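You will see chain A twice below: alongside chain B first, and alongside chain C after that.
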Partner chain A sequence: MKNYQLGEFEEIVLLTVGILNNEAYSVAIKDEIESRLKRTVSMGALHTALIRLEDKGYLKSFSGESTEDRAGRPRRYFEITALGKKAMLYAKETREQLWKAIPKAVLEVSLQKLAVGSHQ
Partner chain B sequence: MKSKKYNPPQLALRFFRWYCNPRLQDYIEGDLVEVYERRLKTSGKRLADFRFALDVLLLCRPGIIGNKKSNYSSNHIDMFRNNFKIALRNLWKNKPSTVINVLGLTTGITACLLIALFIQHELSFDQFQSKGNRIARVVMEYGFEGSTETHKGTFTSTKVAPVLSRTFPEVEKGVRMTDADAILYLNNEPVTEPNFMYADSSFFNTFNYEMLQGNAAVALNGPKKIVLTESMAAKYFGSENIIGKTLEVGTNKTPFEVTGVIKDYPKNSQLQFDFLASFSSMGQNQEETYFNANYTTYLLLSDENAFAPLLEKLDPFMEKEMAGTGATIRFHLEKFNEVHLYSPYTAFSSNTSITYLLLLGGVALLIIIIVCSTYVNLSTAKSIERAKEVGVRKVSGAARNQLFWQFIGEAFVVCCLSVLVSFCTASLLLPQFNSFVSRNFLVTDLLSPSFLLITVCLTVLISLAAGSYPALILSGMQPARILKGLFKNSSSARRLQQSLVVFQFSITVFLIVCTVIIRNQLNYIQNKNLGYDRTHVLTMFIGWGTDSKQIETFKSELKKHAQIKEVARCASTPVSINGGYSMRLPSMPETEVIGVFANPVDEDFVAASGLQLIAGEDFSEADMRGVEIEDEKQRRYQFILNESAARQLGFTPEEAIGRELILNSAGTIKGIVQDFNFQSVHNAIKPIVLFTAPWGGRMIVKISGDDITGTIAYTEQQWKKFIPNRPFEYSFLDETYARMYKTETQLGNVMSLFSATAITLACLGLFGLSSYMMQQRMKEIGIRKVLGATLMNLIGILSGNFIMLVVIAIVIASPVAYLLMKNWLSEFAYHTDIEWWIFAVAAMAIISITVITVSIHGFRAMAENPVKSLRSE
Partner chain C sequence: MKVPPKYPLQFLRWFCREDYLDEIEGDLMEVFIKQSESSPRKAKWNFGWSVIKYFRPEFLKPFKKTFHPESSDMYKNYFKVALRNLTRHHTFSIINIAGLSLGITCALFIFLIVNYELSYDRYHVKADRIYRVNNGEPGNADTGTPHGLAEILRSEFPEMEDVGIIFKLNPEQSNIEINQELFRENNTYFVQPQIFKLLDFTWLQGKPESLTEPHHAVVAQSIADKYFRGDAIGKTLKLNNGSDFTITGILADPPVNSDFPVRIVLSYATLEKLNQSHLNNRLDAGSNSYSQTLFSLRAGIDPQTIDTKLRKMVERHVAKDRQQFVSFFIQPISDIHFNVGNFNQRTIAKETISTLQLIGLFILVIACINFINLASAQAIRRAKEVGVRKTLGGSRNSLVFQFLCETFLITLTALLLAFGVTSQVITFSESLFSIPLSNDALFRMDTLLFMGATLILVTLLAGFYPAFVLSGFLPAHAMKGAVSGIKSLFVRKSLITFQFLISQVLIVCTILVIRQTNYFLSAPLGFNKEAVITFDLPNSKATHLSTLRNSLLTHSEIENVSFSLNTPSATINTWWANLRHESFSGDERSAEVKYIDSTYLSMFEIQRVAGTTVLPDLTGKSIIVNEALVKEIGIMDPEQAIGEKVSYWNTDAIIIGVVKDFQTVTLQEGIHPVILTSTGYYAKGSVKIDMTRVTEALSIIEKHWKETFTGNYFTWAFLDDQLATFYHEEKKIASLLITFASIAICIGCIGLFGLIAFVATQRAKEVSIRKILGATVAHLTAILSGNFIKLVLIAGMIAWPIAYYIMESWLQGIANRIELLDNAWVFVLSLLVTVALAIITLSTQTIKAALENPVKNLRSE
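So, the complex of A and B:
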């Protein structure tokens, strides 16, 4: 069984690349995460994550056209590799397995607690 | 690249480019710019700038930082070889500019080399003494009760060394020394040896000198022992083993036993001696008093930290010793290693103050800066010619830093060439330099390893300082623009060039003004009427207390010669009289005395030295007889005062005649002479008394000035007859006078040399710059010519800009020079004034030099057919 290493932020980035499909480059990814998850993403963190994902082989990149609003610099587009897809699935499955393993009572109790809390 | 109204903060961008991995740089920079532009629209420039900088900072993390190394590596050795070849070809191709550059650099580097040589020599003083860090030189400070005035110096009595080494455990050894001239006999001819020193037997325990012959431990034990240096041994004996031989010393030919020969020691030593005789030979071993302080004492301490504890104990000890004597004596200790640079007191060799060295270092630095700015001006001027090369190289893939180092390398080649030439010039100039600074440097000193190291550092430093700006300019050019033929230097480059010109010319003006003022003052000193006659006056040292009858006959023999006008015997020549006495009138209480200078003279002194009597009469022969009486009580002294002395006593010149005066002994005032400068013109004229005495050690001979050699030969012949046991040595009074202002003359010489260097360099810089400007304005000149401008018009237009720069330089430099020189002149009691014409002359000189330099190119531009420059386009 292969061990797929994927950090929390890395997973988000990987998922967002998937969402953007073919349009995934750094600024777009950043905007997407910021709008969907309401959290700010620093350029540094994003690029580090992208580089690490590429090093792990989950993403591959290619250079796009250069545009004027980027002072002539090309965009770098990202694409999920087969390995990346496997890693995403693996992460999702492990989460689900874990979710399933939680006894129902635990979740209910906490819901009850929440309900109690709201009554007060 | 449209809408380039707003740029992201350049500093942050540059920082980012510096650290970012080149593989990622383009993409990330694109992101940064994109986000920046967006923010610019939404939240304004300031916030966008801030966020941009923040992003750059946050990007600075391990994954993104990467080394600059490009993926391929070029063959550096081949590249270097190629660059070197290109550099040489370029230098060869542009011979005139190479010559100017090398000339400029050579002038500056030669000056720096010589200054560095001097500084290095001075800093290395006494370094060869291995125990130097625990040797102390004793400085005595004494004063008398009831007066706050104290005197300080390296004089100590014979008592100091033995008492201190007995009393204090910190003192391991004490060495007493004194130096003197001694007359020795070489092939039975008397020779004065100036470096004859007496020292205690502990000398060789304290200082290290290598003994070639003899035993250092016992060499100076006992009286009449002498140690010679190797070269003196060769001079006087020549043979191999000279231990046990005798050397006759002094006019009475005292035999000294040679007990050792030491190896010649380095010149950079505060102890200067050729002969070392045992201290006991002088018969001055008694330890009676702390006064009679005629000797220098060195102490060898137990360790280098013993200075402070010993000093603490010295003061209470001396208070106890001097209790009840009515005098106070304190001793201070100077560290042996610091004496040469920090001590104000001279014992055996003159010191060089550290401030003087710093000043010289500053001068050297200034020269380097001038040299570098000349190079910068010249090579930025030349950069047009190299622009195409840079363009082609860049297109073929040269990185900016490769080009940068290429141009630095070129500067280095020029620098090396100049250093080689400088070494030749420096060794040629060495004799003159030696006489400037009164040192004795050899060509081999220039080639010592440590000095070569300094030179290498200097070369690298100058190449970097001079080469980096042109290299930056050249390597930063944009290939597309160069190759299109659009090329102009940036305004910052022009500003830099202009400020360099102003800077260079300020220094030049400053130096010219200073030089003129110093020369003026030296001239004034040389030609000042001092109140006595110093042309064609010989002085000779005849020895103290030589039998007066014998000298009388000698004098009358000399006077028989037609060319010899006057002969007088005195203690000091009128050039420098420093003997301090005290005088009082019989009416004054005994405790009240007036300090005065005095000079023992004979009856011919006033005539021989050309002093002007304004009242009373000159001494007569009878007056001289009056002081030659055996019984001291019977002697009658006669005095001649100067005006100041009479005034000090409260008399007009006429009133003073015939009055009684007590100057050690009682006597009568016989005459008054006009005030004369009997000391350096640094000092105002003070009261002086001339008194009759037959024992003066000097003779002054006034000769007519015709047939000087014959007169001197005659004098020597007579000398041999009457004073056979002394070598015949003479000097002219005006030379002695000039020697008194050696420091000032040296300063004048150095300043002249330095200003010549600065002028040369400034002109070279200007020359380069104007040629550059001319190239830029070729078309303009062409059009002007076509429209009928005359040569003068054009020169006016072309030099106008430079003249403005020079005027700015004059305005900056003049007040600085004025203040500094005013300060310098105020050290002289008699000095010239700083007149406005000095500044006018300096300004005129500089402006005309500027116009001439600029015109050289102007003429060339004029001579060219305007068709040539206007043809293109």
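So, the complex of A and C:
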């Protein structure tokens, strides 16, 4: 089985591209992540992730129309490739497998603790 | 308008990779514009901060320099494309380079030869103001001047800095004895010390002033090393078994390009002391061609004025009635190499030099034409490239420049090759053309300059037309492959015709020069030259001569013996006298005087016409003359001339016999009036031998000669061999012509080969289809080569009148010449040879093309 390398931030970016579907370009992705996950995203970091994902073949890009609000620069839109989709599924499956493998007791304790904590 | 902060943006643009820059800038701008609506300051601050965060390895420009189009890149591309083309069509490249380098080699070689011949006596510091005084008029001059002239010049011409006499001894008078060793040194001179102020010689030991004393000598280092092991000062040498000379100095051997190649210098004062008969102080006295007067003009004096002053000098010093026969004129020293009468014996006519230069130029042009033909024929192959370049914005000028660059590259390769070849073959020039060239000449500044000029000239000459054709293609046609070479066909045909025109002119001229030279060697001379051995006579004492004659005649190998001043044809000891006869009415003509003995006429089989052939005494008052002299004094019938009174020099003589004309000088000149008489003075012995026993005869002659003239140097020669040496110059021209004509034809054939190879591949399909439809191999070959043969024939037709004109003007000055109309076959032969060579060259390709299996060419479309 092929090994899909996918970092945490990369996974988030990949997922966001999926969410935005056809409208995914750098600033939109940044805004989406920031609004959904309540965390700031630096343009540089996002860009690096996008480049890496494209290098790995999980994303492909095409340049769109140039617009006034970008001082004439074209947008670059991203799209998830088939490989990218497989990688996302793989990541999801491995997580689920790991979730399933955790003994119930472990989860309960911590859940109880969480519950206790939340009651306070 | 919201403007992002300037410096962060500049910073970003400076470090960021270009392929990301657009996107990043766009993103930052979008964010910036959005933020600045709420808070411009925060937006600016954010912009800067984001830029800084972009400053990470992924976004940095690569440290390796990225591609920046510069002007040099285009040159690199030209160079690369040129190299690819050269290697892809390597056959054509080899043909091109071979043809060009052959042409350049020729041109370089001719340059070196011409440069060498022109370098004679240019090395003297005062070379541009040293002159020789000649006797007579330009065109009919004697290089020798009377002994007294130098003294008059010194006292009456303040504009002359130094005046000196240099007198070369005839070979038979140049016998030297050192330490009982006898040898002949052909470069023995009597010299006045002033000569050393004029001409540059390097004195290794001693001073020129020592030559003011009689019986002093100076020798060249080669002589000093050979005979004295370098220690020559104070030693003695003996001249002609007579006077002794003390060696007072040593000279470095003069360079090869000197017309004063002295090896032994004797003080002229000796000659004055011994009061030799030729030392006549009168200006109207006869002179020896080898006794020459040189002078240096003071700086700033116009040489033109000297000739008129010399005229006035003659008026002052010569009796009124003799003035019309005496005149002098001056000749620059740089000019004397090109006339007979210099001491080097190696002359070359100025016309020969300019002919050589012309041949060199023509060969270079032929080589360029090869290149032009091949390049413009191949142009179709480059059409697509031209189309692409033009579509991408290449201007015509830049295309022309590109193809010139390519030509430059090829020419440079050819030039370097030519340089290498020349450095290897240069040593053969001595044996082939008797021109001593050395490798040093190749690396001199002027040679390198010449090569640079050749490089540029050939590049432009060869490259311009193909570049012009190629750059003229219309891109749309070129890309479709619809370009045809039809437009340039006419030019190409004319160029081929021109090439073969030059080749054929050269061939015709070469054959005719060879024919003329052979004619010189075989023409009837009016006397017998076979089986005659000649030798020098150190003195003409009657006792010596009769002893020698009698002892020689006792042997059956010796058929006849004769003593004379010189042989019937001769270049040495040709004595000219002023001839007077009542029919001239006070005027003077010139006649050659030959001293002979009683057996001379019978031995050389000179025919009697009238009167007697027996000279009664040794007074010189009874003379036998030739038919030319009889005509000169206006008498038609030789019988009538008998008893006629003439005077020569100051002798009144009576004609007692007339002989048939015979050749007394070289065959370039005609027959002159000749006086044959006897005074008892002889310088040459001639012996007719039995040719079946040559070795015996030779040892007999040597034995008796040495017995008679003890202590003298013996040397002998066959008369016919000696006569052949008169035509060295013609032989040299012939051998140069043979070499360059064959090279010219060779280059022409190389070009033809390249062109037919190209045409054969171009027309491969046509040939195949014709073959399928039943054409024979012979027919196909004819179709392919027919056009070219036609061109060669046309070239021949044009070449004939040109060659005729050139040869006619060359032969004009020659008295005994071949007639061009008798040699019409030479013209036809040259055409046939050229056609044959062209057919052979063409057939290598045409037959191959015709024999090829049609399937091969028609299989794919």
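Please note the rule applied: the second predicted complex is superposed on the first by the 114 of 120 C-alpha atoms of A that agree within 3 Å, B and C clash if a C-alpha of one lies under 4 Å from a C-alpha of the other, contacts with A are read in each partner's own complex, and residues count from 1 in each chain.
Criterion: contacts are C-beta pairs under 8 Å (C-beta built on N, C-alpha and C of every residue); 3 or more make two chains touch, one makes a residue touch a chain.
In this text the structure is predicted, and so the values were computed from the model without any measurement.
A.B. asks: Looking at the overlay, what does A:S26 touch: chain B (first), chain C (second), both, or neither?
C.D. replies: both
A.B. asks: For A:P103, decide between first (touching chain B), second (touching chain C), both and neither.
C.D. replies: Once the two structures are laid over each other on A, A:P103 reaches no partner at all.
A.B. asks: Do chain B and chain C land on any of the same chain A residues, and which?
C.D. replies: Touching chain B in the first complex and chain C in the second, residues 26-27, 42-45, 47-48, 51, 66, 69-71, 73-76 of chain A appear in both lists.
A.B. asks: Could you list, by residue number, the parts of chain B that touch chain A in their complex?
C.D. replies: 1-2, 24, 26-35, 37, 55, 58-64
A.B. asks: Any idea which chain C residues touch chain A in the complex?
C.D. replies: 20, 22-31, 33-34, 50, 53-54, 56, 58-59
A.B. asks: In their shared complex, at which residues does chain A touch chain B?
C.D. replies: Touch residues, chain A against chain B: 26-27, 42-45, 47-48, 51-52, 63, 66, 68-76.
A.B. asks: Spell out the part of chain A that touches chain C in their complex, as residue ranges.
C.D. replies: 26-27, 30, 42-45, 47-48, 51, 66, 69-71, 73-76
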